[in-house]
Structures are given as structure tokens and as C-alpha cells.
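Written below as C-alpha cells is the structure these notes are about.
Which chain is which? They are A, B, C and D, in the order written, and residues in each are numbered from 1.
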Amino acid sequence: MDYSITKFLWTLLGLFIVLNWGMLMSSTMRRIGARVSGRFGIPWYQPWIDLTKLYSLKSQVSHGAMFFLGPVFRLMGGVGIFLFLPIIYGSDHWSNYSFSGDLILILYFQFFGMLGMALGAGEGGHPHSAIGISRGLSQFTTIEVPMTLAVISLAIQYQTLSISDIVAAQQGGFTTWTLWTNPLATAAGMLSLLGAFGHSPFNLVKAPNEIPIGPPTEYHGVFLGVLRTNGAILHVAEAALFMNLFFGGATNWVELIVKTFLIYFWSVFVGTVFPRFRIEQSVRWFLKVPTIIGIIAIIIFL
Amino acid sequence: MQKIIQDIESRYSVSEKEIRRNNLCFLTIPKNQAISLVTYLRDYQGYSAFTLLTAVDWIEEGHFQLTYLLNNPTNYTEIGVRTMIERDHATMESAHHLWESMQTYQRELKEMFGIDFPGSPRVDEDFILEGWTDIPPYRRDFDTKKYAEETYFPRPGRETNDPAEYMKSKLFPND
Amino acid sequence: MVAPIYIIAVALGLAFLLGLLKSSSTNLGSLLMLAGLAFIAFVSGQWLYEFLINGRATEMIFTAGFKPPFSINLRMGMQEALLTTMINAAGLLSGLYLIDTLKKTGINSMTVLLVFVMSLNVIVMTRDIFNLFVFLEISSIATAGLVLLSSKGNAFQAGMKYLIATGIISGLFLIGIIFSYLYAGSLNIDELNAAHIMDIKGGAIAIFIIYVSVILELKPFPANGWGIDVYTAAKPGFSALISSGTATAGLYVAYKLLPLGGETWLPYFTIIGAITFIGSNLMGTRQQNPNRLLGYSSISQVGLLLMILGLSNQLGDNTLFIAFSILISHYAAKAGLFWLSGIVKSQNLEGWAVLRKQPFMLFLFGTFIFALIGFPPFPSFFGKWQLIMELATQENYLWMTLILTGSFIEAIYLFKWLGFAIKLDVPSNIVMKFEWNKYLPVYLMALTLYVIGFYVSPMVEGGAFINYIPLLFVLALFALDFLPVFVKNTISIAGIIYYMVDLFSQLENDLMRQIFAVIFLGGAVLTLMAGYNKKGTRAGFYPMALMMFAGLTGIIEANSMLEFFFSWEIMTAGSYFLIIRGKRSMPHGYSYMLFSIGGAYALLFGFALAYASGLDTTIAALGHITQLTTLAYTLLAVGFMTKTASLGLHIWLPGAHGEAESDVSPMVSAILLKAGVFGLMLLFLYMGTGTEGGDKLLYVLGWVGALTTLVGNLGAVFQEDAKRLLAYSSIGQLGYILFAVSIMTQLGWLAGFTYTINHFMFKAILFLVIGGIVVKLGTHNMYEMGGMIKKMPFSFIAVLISIIVIGGIPPLSGFAGKWLFYHAIIQKGWYFQGAVIFFAGIIAFLYLFKLIHSVFLGQLKDNHRNMKEISPWILIPSYLLIIGIMIFSAFPQKILQPIGEMLSVYFPESLHWEGTKAYTSLGYWDGTTIMIVVMTAFILLLGWLVLMSKKIKKVEQFNIVYAAERPFRPETTHVSYNIYAGYKKAVGFLVTPVVEIFWDSMSALLFDFAGWLRRIYSGNMQNYALHVVLFIVVFYLIALGGL
Amino acid sequence: MEKENKNIPLVKTKTFINPENEKRSVTAPDGSIIEIDPIKDYFCQDRPKEYKVRSGAVEKFLNWARAESLWVLGFGTGCGSIEIPPLVTPRFDMYRYGVQMRPTPRQSNVFIISGYLSVKTLKRAIRSYEQMPSPKYIIALGSCTINGGMYWDSYNTINRLDHYMPVDVYIAGCMPRPEALLAGFAKLKELIKAGKAEKANEYVRNLDWYKANQKKIIKDWNMPDYNW
């Protein structure tokens, strides 16, 4: 079979695995959260049911073309990050389309989905959407500051921006991981991850009991289904990105599952402990501690 | 308290006074003096907190009784200023210039009793009832049961008992 | 040949004859006077012609047949012929101009005028110092007489003051003459000059007295109150003559007497000239009365000329050229302005808005102002250029600085005035009526400026190569200004396309210039296309737009620094007029002009240093600056950065771009700013890396670029005005470019080029589309817009694509810039600047979302419900540019690879291509593959959603969940105003307008200082006399006390 | 009692249209006048259509999914709304049953009318109900929704909810405890799985009757007939 077609099919399979793992991971995390507050929580298969239900609703309203396209952009954002990420190190099948760009491509592809979501929700015309997006964007600008610093620090450390090369440099056990060799960059990156995953204390944007419920106020049914699909993929893809950058990558699916789970768990763990920040608080917070850590992470290489 | 009441009596024609406790009393004065008294109490006697304004429909006597309840936050006393107004074309001087919250009470009275307060801001707007077309519902000549039966599709077969009798028969069936 | 003596004879004869006439026969008298003035003008003109064409030798004329020292002798040489021609021409035109006034005031005044002109002639021609004295006396008495003719209330006073002051000065002069006669035994100037009086004991006193009186005649600052009063009080017609004639003659007197004291006295002329130049200009900033303002300006110009005379030993052979070119500009412009002032008849500057009723007169007004400041193509431009170049070769940096500072201060008030005339409401109480005898002189003076400018230019080194063809095209468009927009637009576009084709054949091997040629001229064509949707004639737009584009083309074509600077100034002038066309643009056009002039002077200084380093006039001279290298590069960079609006110099931009017309904004933003980029690139290429000062400068500029980006982008976030938002965004984007080129590696420059190309495309689209929408919706405020996606889908798509490019989101070309940036920064090691840059880059999303949301999404407003798509003439160029973006995005290597190869000549190669894939030492990127992957995936996902979707009910804008309520009004439902309140709370302190506060306080300081200085002019004669005495004493103490 | 005093001025004599709903004319930027009828121009005027009720294995599976994923609109109407919050506590933990709260009608399927409905609230309840995507269900909580309960003779609360909105499950009691609510959810699940919970269609079918009832008591009807 033609290489491009086999590649496509492998990628599709990878996407399928990632989607399901993402949903399982999210239900598990919600169960963990429920246990913390003394409940049973949702059944582990609840995300699949919810998704099925959302895709099977029988009426649907639309506010216009961009409202319709918004979820597609959003899903493309998540899928795109997956596509450009070498998800399993050393595997040709699971390196996806990472040959078309390096780390910078992934960092900037995050915006693709955000922009689409912002525009789609904006066309919904609901004031809460616009407020939610403005908060989300405000927060995101500062989330990216420690991330950028961490990436620069990594680039100095490894003299490369290719994710595969960064992972390759970390092969050989725990002591070669970035976590060990460059703990400050890891710290900055992991703090930035808290914001990127949008759990408490940085979930002002989408928390149901803030302006309900932020950007996706008007989204329902199939649209919401697409957004949830994206959420599952995006969480795994982002966790995999952090795994590749800081935790030695994964050479097989089991390793990927364990590592992404732990990375995701980190944000849930913080989220169950800390209360929510207001937007200016989170903006200030990201510009303080994580940024300073990031700066030091660069200074030590100077 | 006594001193204040005496002082008021010397200045206004108090037709009736009712001292409930040593820190609460009600004075009834003519309609044209009521706002003046309220202002006096606010500005000279320290009754700076406005608690409420309410009305009672004395349908038999043909008038509404308005009560302005004022509180003195320094010596914790309260004075209710009562005044009787005509039930037909009931109007009363507005006191929204004394306390802003007065507007809301006056709006409510307008809606529920039909007492007009000319000049009070937004007094004609809907307050609680949206789109009420009948006579004001707190007037005692408004038959709420009849209205409800006409309007709200009562479910047939509903039994109604006098609560006291019913409780008695349930709890002490042998008596 | 008519002998010059006839000038005196005829004038005196006629003056007597006029005296004999009856006082009622004013018609005959005026005819006679004009005939006399025409005759003497003819005589001097004839001599000038002889000298110029036939190269005739200088002629000495001896009266009464004796040789000096026994007789008065006159000299008629090239200089005298020229000056007398100028004086007589001004006299004739003034006579013509004043003919009605003179008829009213009677025969006597005609006599006085004749005598006045004649006396100035003699002052120029005479070689006898006593004779000079006599005619100085005559001229000042005549001046007083002329002033007294004015019916203004303060004229009498002013005339008397003038008479008394000049009387004192003449007395002094006489004493000086007596002294010098004592020492030299001759009254002949040539013999005096040869007598070396300085060497004789006490001779210094004689020279001092003569010089002080000559200088006082020229009204030095601050001892010049009487002169100012005369300018204010006299009829504008006389003021013109006084300003152009007396000053010319007086300066020539100083020039004649220069050898008397020798070189030791020159510095005093320079110092006094400099003080006068700067002081008077400072005073000018506070003037409200046009005549008084012109008076200060005249005096300051005389000060400048005095400086030039004082510097004559350093300027060498060029002195006369420099002095003449500045003098003639001053002469023509000042005469023209005074005459205009007589036509406008307004006692305050604001009244000059009446000129807009007669656009041609406004054009002439602009001509005079630009000539005074020294813009090309006027002679003063070349004079100033030569002056600065010569001073730089002599390492006379102090005088250079002072001259440029003074010129800048002059620009402050002159451009304020011009702005008033262009933008203020036309006053209804002022009427301008056409009188040919008043208008003709003005026309002639303006014509003089252009003609002399053209003829003067080849005299400057490198000036002969200046390409006047684009300017002729501009002139042709001026002539065709009455045509409708459609025709003019077509002509302009055709002209530009023709020129572009022509230009490309010249630029075959120069990719950098080719790219900028495409941006400048291709951009010109695209933005001009948007002009097709305008109606009417759009008076004045096309010449100015074309002038700007001519300047831009000139910059690309320029081989020498002079050509470059010439084009740079032409571009500035054109863009100034474009910018000031906007409705509320007056203050913004003004600040744009001031920053531009400041920047231009910085450039001039830098060029001068480059020239002085190797006496090389080509641009390549920038490559080997040896004099004050760091300063030179800094100044040049600052000069270019005023155009790129970098931090500190950016405050003009938001207003200027935000308030400009809808198709002017893209011209000045997408295209004009690139001129600064081109300049910077040129500079850095010649500068190269490795020089110590240069590297420091680059480092600083890197930080400036990074901070500019941050401030620009943050500023944009908090804007409510759509066009200002875009303007701030431009500041930010130009910051990126500055940063990128400061990196000075191949990657950095590639990023710079990518940003330049991208910014050109997306900012042109955004300004075109948003400008069109702003016009259509009748508001700049974004919160008054909303929901336009339903009404203007094509605009939305255009803006959306631009936004994706600005944000640097893959797969569009903006990402190429980001990718190159990251790699360049990490390779260079500028990590923290890089972090700032990327932080700023993400902030861009805030304003981009605000822009697109507030305008296109959200709630459609009541009054926009019937809105239609914007004009196709705006959309067509936008979509052409979108095609460009798409091609650049899909095939980046097609463009970036050649640029990289071009840059590899200058920098070590750090990027290589394998097919469509780019590699650096750090990573890789394949734009084409990304495009394919993203497009495929997007289409598949869209298919997935369509597949899963049920029948969709399309709903209206208020069908939203609203906490069980319903929205009441679109205005209250549309979230846009202060949308980033939380962000402002957290980081808003970063956008405190520090820079604005700095410049505001600077200008306040300047104005306060000028206001304080103004108090010395009390109008009181005693004070003025005291000034004179003090001036003499101080001068004495400095000149002789220290001897 | 008769209305004795006919000359008492009624408080409301105007028609009940808020200023925002009145027709207005605005000037467009090009100077033309635009007439705006807010209700017509800003709201979708179309009537809803019935969706097709399918049958078969796939639909059975989907019905099961719908039943196991009940998203409840967070809208408390009366005193019964206090019974809902305990459901998320460890004691009752409704998440176990696939029941979750959603903050917006667009994302909800289940509307709990938790107690008495005043006329004013009814209006909002109707709006929210109509904005929910189909299939959608109503649980009526407490006797107030059944026959008016203790407010049966009030001048301002409705007696029978089913005259205004289609009810799937009634939960009797004053007030029913959270356990009763859970039982109600279980009943609703049964109905959905059996394919009997298509009351949304019923509402559409009898829209005119429902609207007539609603409009009878909501006198200031300041919204379109159907809120999309």
C-alpha cells in the first residue's frame, strides 16, 4: 500500500486510541475527585455515554457559519497537536506527521483551536461567551510565558527544537530525563501546564458556576460532542507533549499511558486542593513565581 | 421615648398613640402632617433608618392605613408613623426624597393597593406582578380565591379542610 | 549694456520727477514708479545675464572719474548683479502689489519706495564705506517712511522706534568709519580690507564698532525688538520688501566687510548668528500673529545666514553656494508669505484656513513653508545639505547640532501654521478676493523657488543624478486635479505600473530592492485600487499619494546619500499631506511631521558623518564611517526608527494612522513604514557586525524592538477605536522587524523579511477592510459595531485570514515568521528579549480577538441592519493580497530560499533547504506539508461534523440563553467595551503613557522657555535701546575683553 | 365578592410592552431610517417541528444512552429547589446515576420544576424549556405543580403545570425528599428506555393549546411565540 495511506491509517488508529484513553482518563480523574469529596462519582464509562447522547440529540440550532465552524477549528486544534507530535519515541507508525515541523509548530498550533473556538462562540452572540473568551485569552497570554521560558531553556540545554531529538537525548533512564537534568525548566513547564489544562485554580474560564459556562454557553448537541471529543484528544496530546519534553517520552503505549496519566493527575491533584483564582490573580500569579523560575532556568545556562 | 412623644405631641396633632414597648410606639397623625413628621424625626430626632412602609386596607372604614416605621440606630428605638388616607383615589405624598429605598416601597404599594404616590420615580412600572390587569390584589375587595379558580385551571377533586378541625380529627379522632 | 550707474540715476531722477507731480496724479505717478522699478530691475537683470551666460568680468565703476580713495566707486560683479536683481525684482513686485495702497497714500510714498529700492542697490554695489553709511541711513529712513504709511495704529510708534534704533546704530557705524579711516587712510572697502587694521594698535576697536553696527543692522537676537515691531506694523507688502530686500542687502554688507577683521572675528559672527537663529525661532513658537511670526522667522533666517558667513573659512568655496541657496529660499518664501498675509488679511494664524477656498493658494502656501524648512526640491534643501556636509568634514559638530536644532524649532511653528490652514474650519468673516497685482507676485515667487531649486541641484555633489521624472508625473497630476477620481486613479495606477516595470529592469540582481519595490509600488497599485470607490474629484489626493510613492521609489533607486535623502524628504512631505487629510488629523499630522523632521535631521547628521569619513557621496559610504562611528550609526538608526515608530518615537503613529482616510491608512501603515525598515536594513547591511559600537547599538536596538513590540501590542489590547488598534498593532509588528534585523544573522534577517512581507500584506488588508467598514458604519468605536459577519462575509474572511497570519498560527505564513524567530533568537542567544517578544506575540491574540469579535461577531446593532458588503474595490485588492498570503503560506521556500541565498553573501548560512523543508541547526519546518496536512484534516473533521449534524435550525441574534431572560437591546448585549478589564487590572500599569508624558513635558518646557524669553520684547523703546547697549557691551567684553 | 368600587383606578392601564419591545426607528449611518420591530427582527419566528421518533436496536441503544446521561438544568423555581443541592452530596451522589447539573438550557435535557410556579417564573420556565434541545424531559416536583398545593388559591401561582408544559414525571409531596427525586430520575429513565418519554413532541403537537393557556395568564407576553 502507498506509504501515505498506511501512514494515514496508522495515524487514525493512534487518534482512536488517544481519544478513548483521553475519555477514560477524564472519567478516572473525575472519580478520583469524587472520592476526595467522599462520593462514588460517575461510572467509568460515563464519558462515552455522554458523547453518544450528545451526538444523538434531535434538535440543533445554529447562529451562523462561524458558529458551525468553531467546533471544527477547535477539534482541528486538538487533532493537529496530536498529528504533529511524535507520540511514541522510535516508532515510525506513531510519530505521526511530526516530520513537518518541530516544537514551535506545536506551540503555535495550540492557537488554532483557541482562535476557532473564540470565533465560533463569538458568533453565538452570547455575552458570556465573549467574557469567557476574554478571560481565557488573558490567562493564556501569561500561561505561555513560563512555557516559553522553559522551551528556551530546553533549547539551550539540548541545542535542538526537534521533539524527537529532545526525547532521544533523554533516553537512558530517569537520570537523563529533563526532570532530573533541568528541574527548573521542568518546574516552569509544569506550572504552566496547570493553566493549560484549565483545572482549578485556573478554571475561571469554563467553570460552570462562574458566568455559565464561559465560551461554550451556546454550544449543544453535536457541537458540544465535537468539543468534548477534542477535549479528550487535547488532554492526552498536551500531556504527551510535556511527557516528551520533560519526562523522557514514551517508547510504548503503556509508558505513554502511565506518564500521561501522572501528568494529568498533577493538574487534578492541584485542582482538588486549591480554590479558584480570579482572572487578574491568575495573570499576576503566572507572571510571578513560574516566570521567575523560568528566568532562572535560562540564567543557569548563560 | 416619652420625651420624644411629648415633643412630637407639642408640634403635631397626634390623634392616637400606642406605646407597644419602651422602645416602640405608633403615632397616628393626619395625612397632611405625616411626611413632615417623618422628616422631623429623621432630621432632628435621629430616626435616620427607614425600616419599612406598609399599608392596611380598612375596607369597612373606607380608608388605608399607611405606616412609616423608622428606627433610631443610636438609642435603638422605633417609631411608627401612621396615617389614614381615603380609600377612593388613594394618593399620598411621596417621600422618596428622604430615603431612596422609599421608591421601592411606594412602587409596591402602588401595585398591590393602588395607592398612588405622584412624583415617585418609576412608581408606575411593574414591580412584582408582570402584566397585572385586575384591581390591585391586596385590596380586600379583590377575591383571590375566585380569581385563582377562574384563571388557573384548578384540578378537580381537590378537598379543602379547615386546618384546625382537620388536625384535631386526625390527631384526636376520639374526641 | 546699461551701466549700473543708471540704476541710481534713473531712480533718483524719477524720485525728483515724482516730487514735481501734482499730488492728485497718482495714476501717472504709479506708472512712472513701476516703470522706474522695472527699468532698474532690467538693468541688474541684464548684468546678471551677461555674467551668467557670457561670463563677463567684474566691472568697477568710478564716479567723477577719480580712482579711490578719492571717489565713490561701485562694483558690478556676479554677486552684485544677482543680489540687485533679487532686490529689484522684489521691489518691482512689491510696487505692483502695493499699487493700490500707494495710490491711496500719495505720490510721496512712491518716491520713498523708489528711493528705498535704489538705496538697497547702492548698499550692495558700493565699495566705499562712507557711501555705504549714507545709503544705510537713507534706507532706514525710507523704511521708517514706508512703515509710517501703514494705517495700522502701532505703525507710527514702530516707525519711530526703527528710526531711533537705526540712528543709534548709524552713529556707531560712523564712529567706526572714522576710526578705520584714521588707521587705514582710505574709505574704500577693498583698501580697508587690505590694510590689516587688526595689526594696528586700537584697530580692533575700529573693527569692533563697525562689526557691531553691521550686525545690529541685521537685527540680532535679542537686540532686535524694533525690527520685529516693524514687521508687525508695516503693510505686508512692505514687510515682504524689508524681509527680502533689506536682509539681502544687509547680509551682503556683512559679507563685504568680512575681510576687514580677518578670520579672528568670524567666530563672533557664527555665535551671534546661532543665538539669533535659535532664539528667534524659539520666539516664533509662541506667536499668534502671522506677520510677527514671519518677522521672527526672517530674523532667524538672517541669523542662519550670518552663521554661514561666520563659518565661511570652514565652508571654503562652498560658502557662496550655501549662502545663496538658503538666501534665495528665504527671499522668495518670505516675500511670498508676506504677500499672502496681505491677501489673507487675518490677524491670527487660525484665520489662514480661509486659504482652503482657493486650493492653489494653499498649494503656494505649502510651497513657501516647505521651502523655508528646507525640503526638496527647493534650493534651501541643497544648501542645508551642503552646509551640513561641509561642517561635518570640518568636524564642527556643535554648529551642526545648533543649525539642525534651530531648523527643527522653526519647523515647529511653521507646520503648526500649515496644519491650521489645512485643517481648521474656514472662517466666514474673512474674504479673499482675486486681484491680479497681488496674486501675480506670489505666483512668481513660488515659481522662482521651483526653478532655482531645479537649477541649483546639480551644483551639489551627486545632485545631478536626482531623478525628477516621478516628480514631473506628480506635477502633471496637480495639473489634472480637476478630473474625476476614476480617471486620475487610472492614470496613477498606469503610471506606477509602467514605472515598476521599468524599475525592475534596473534592479535585476538586487533581490532586497526588488522585494521593497514590490511592497512599495505593488502596494501602491493595490491601495490605489481601493480609491475607485470614491466619488468626486478628491482634490489634492493623487498628487500627494504619488509624491509619497515617488519618494519611496527614489529611496530604492538612490545610489548616493543625497538622492536617498532627497527622496526621503519627498516621501515625508507626500505622506504628511496624505495623513493630514483625515477628519481629525490635524494634531496627528503635525506630530508626524515633527517626528519626521527630527528623524530626517538625525539622518542628515549621520549622512554628514558618513560623508566626512571618506568624502564619499554614495550610500556605500555608510559602510565605512570613521568619524564618531557609534554616534553616526545611532543617529541613522534613530532617523529610520522615527519612520518605523519604535518605542519612544512611536507616539505619532496611532493618531496618524488611526485618523487617516480609509485607503490612506494602508498606504501609510503597510507601505510607508517599510521605508524605515528598508533604511534600517540598508544601514545594518553596510554597518555589518563586528564593529564594537555597532554591536552595542544592535544589542540596544534589539531590546528596543522587543519592548516596542510589547508596548505596541499591549497598547492595541486596550483600544476601543478599530483603526487605532490596528495602528498600535503596526507599532508592535515594526518592533518585531526591528528586533529581527538587529539580530544580524541570516535567520534573523529571514524572519525580518518574512515579517516585512507579511505585515505589508495583512496590514494592507486589515486597514483596507476595517477602514471601509469604519466609513460604512460611520463610527471608529468597535463597541458600536458588531454582527457584521452576516452582512459582510467577504470582509470577515479577509480579516480572519489576516488575523491568522498576525497570530502566527500554522499553516499560514505568519507561522514562518514565528518559526524563524524562535530559531534566530536561540541561535543568537538573545533569550530574554526573545521571551518578551513571544509574550508580546501572544498578547496579540487579545487585540485580534477583540477586533474580529467586536466588529464581526456578537450582536448586530439596530442601525446596521440594512448594511451591505463593503465596496468591491476594497475587496479586490484585499483578495489579491490574500492570494499572495496563500501562495506564501503554501510555498514559503519559493520566496524564502532566494532571500536566504541573497543574505548568505552577508551572513554565514544558518538555514538550508531540502525541497520544501527548511533546516536549521535546531530544528526543521515544512510549510507545504503542514498546509497539506492541516487542510486535509480540517476537511475530514468538517465532514465528520456535517455527517453528525441533524437538520439545523437557523436562529436570530437574540435567540440565546440569557439566564431565562431575554436580551433587550443589541447594545447592552454586545460585549466589547473594556473587554479586558481583568487584564488591565493585572498588567495595565505597563501601558502608562510614559513616552507621551515625556514628549508632552518636553514640548511644554520648550514653550515655557519661549514664553519666558518673549518677555524681553516689551515694546518699550527704552528697553530696546538698553538691549542695544547691552548687546554692544557683551559683545565688546567677549570680543575685546578677552583679546 | 363583587367588585364594589368600579371607579377605583386600575394600576395598569397601558398595554404591557416594555420600551425595549416597542417598535423604534433608528437612523442608519447612510442617513436612511430603519424601522425596527424587536420581537420580529431579533427573534426567530418559526414554529417548532416534531422530530421523528425512530425505533429499532440503534434507537434503543441511543435511548439507553439518553437515559443514562441526564443533564439537569440548574434552575430552581420554588421552595423545592432546596431539595436539589443535596443530590450532589456524598449521601445521595446523583452522579452515580449519570445525572449531572448543567448551567445552560442548551446543554440540558431535564428540567426540574421544583415547586410552585408564579406567573412571573412560569414565563422564564417556558423560555428555558423551549431553548433546550430535544429530546427533553420535565420532572414536576411537589404538590404545587400538581394541583397548586398550599398555593391553590393564590392570585399569582399556577395550579396545574401540565396545562402549560408537558410533564414526564410527577413527584408528589410537600416537599418530596431527595430520595424521592432519585426515584423520580429512576422512573424517568424507565420511561426513556421504553421510548415513552417523547413529551417534547407532544408539546409541539399541542403547541396552540399550550400557548393559549400560557398567554391566558402571562398578560405581558413580550417574547415570540416560541423561544428558540
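Quick note on the criterion: contacts are C-beta pairs under 8 Å (C-beta built on N, C-alpha and C of every residue); 3 or more make two chains touch, one makes a residue touch a chain.
Being a predicted model, the structure only gives us computed values, none of them experimental.
J.: Does excluding subunit D break the complex into separate pieces, and if so which chains end up together?
T.: Drop subunit D and the rest splits as A, C | B.
J.: Please work out which of A-D and A-C is bridged by more C-beta pairs in contact, and write that pair.
T.: A-C
J.: Could you grab the centroid distance between subunit A and subunit D? Build each centroid from C-alpha atoms only and quote it in angstrom.
T.: So the centroids are 37 Å from each other.
J.: Subunit B to subunit C: how many Å between their CA centres?
T.: So the centroids are 78 Å from each other.
J.: Just curious, how far off is subunit C from subunit A if you go by their C-alpha centres, in Å?
T.: 54
J.: Round to the nearest whole Å and give the separation of the Cα centres of subunit A and subunit B.
T.: The separation of the two C-alpha centroids amounts to 61 Å.
J.: Mind pulling the subunit B residues that touch 2 or more other chains?
T.: none
J.: So which bits of subunit C are touching at least two other chains?
T.: 953-955, 957-959, 961
J.: Residues touching two or more other chains, restricted to subunit A: which are they?
T.: Those would be 57-61, 212, 217-218, 221.
J.: Determine which chains touch and list them pairwise.
T.: Touching chain pairs, listed by label, are A-C, A-D, B-D, C-D.
J.: Taking the touch rule as given, give the residues of subunit B at its contact with subunit D in the complex, in rising order.
T.: 87-89, 110-111, 114, 116, 124, 126, 128-137, 139, 141-149, 151-155, 158, 160
J.: Inside the complex, what are the residues of subunit A that reach subunit D?
T.: Touch residues, subunit A against subunit D: 34, 37-43, 46, 49-50, 52-53, 56-61, 208-209, 212-213, 216-221, 224.
J.: In the complex, go through subunit C and note every residue touching subunit D.
T.: 776-779, 862-867, 953-959, 961, 964-970
J.: Please name which positions on subunit D make contact with subunit A in the complex.
T.: Result: residues 48, 51-52, 61-62, 65-66, 68-69, 74, 89-90, 93, 95-96, 98, 100-104, 106-107, 109, 133-135, 228 of subunit D touch subunit A.
J.: In the complex of these two chains, what residues of subunit C are touching subunit A?
T.: 787, 789-790, 793, 796, 800, 803-804, 807-810, 815, 818-819, 822-823, 825-826, 831-832, 834-835, 838-839, 842-843, 845-846, 849-850, 852-853, 856-859, 917, 921-926, 929-930, 933-934, 937-938, 941-942, 944-945, 948-955, 957-963, 973-976, 979-980, 982-983, 985-987
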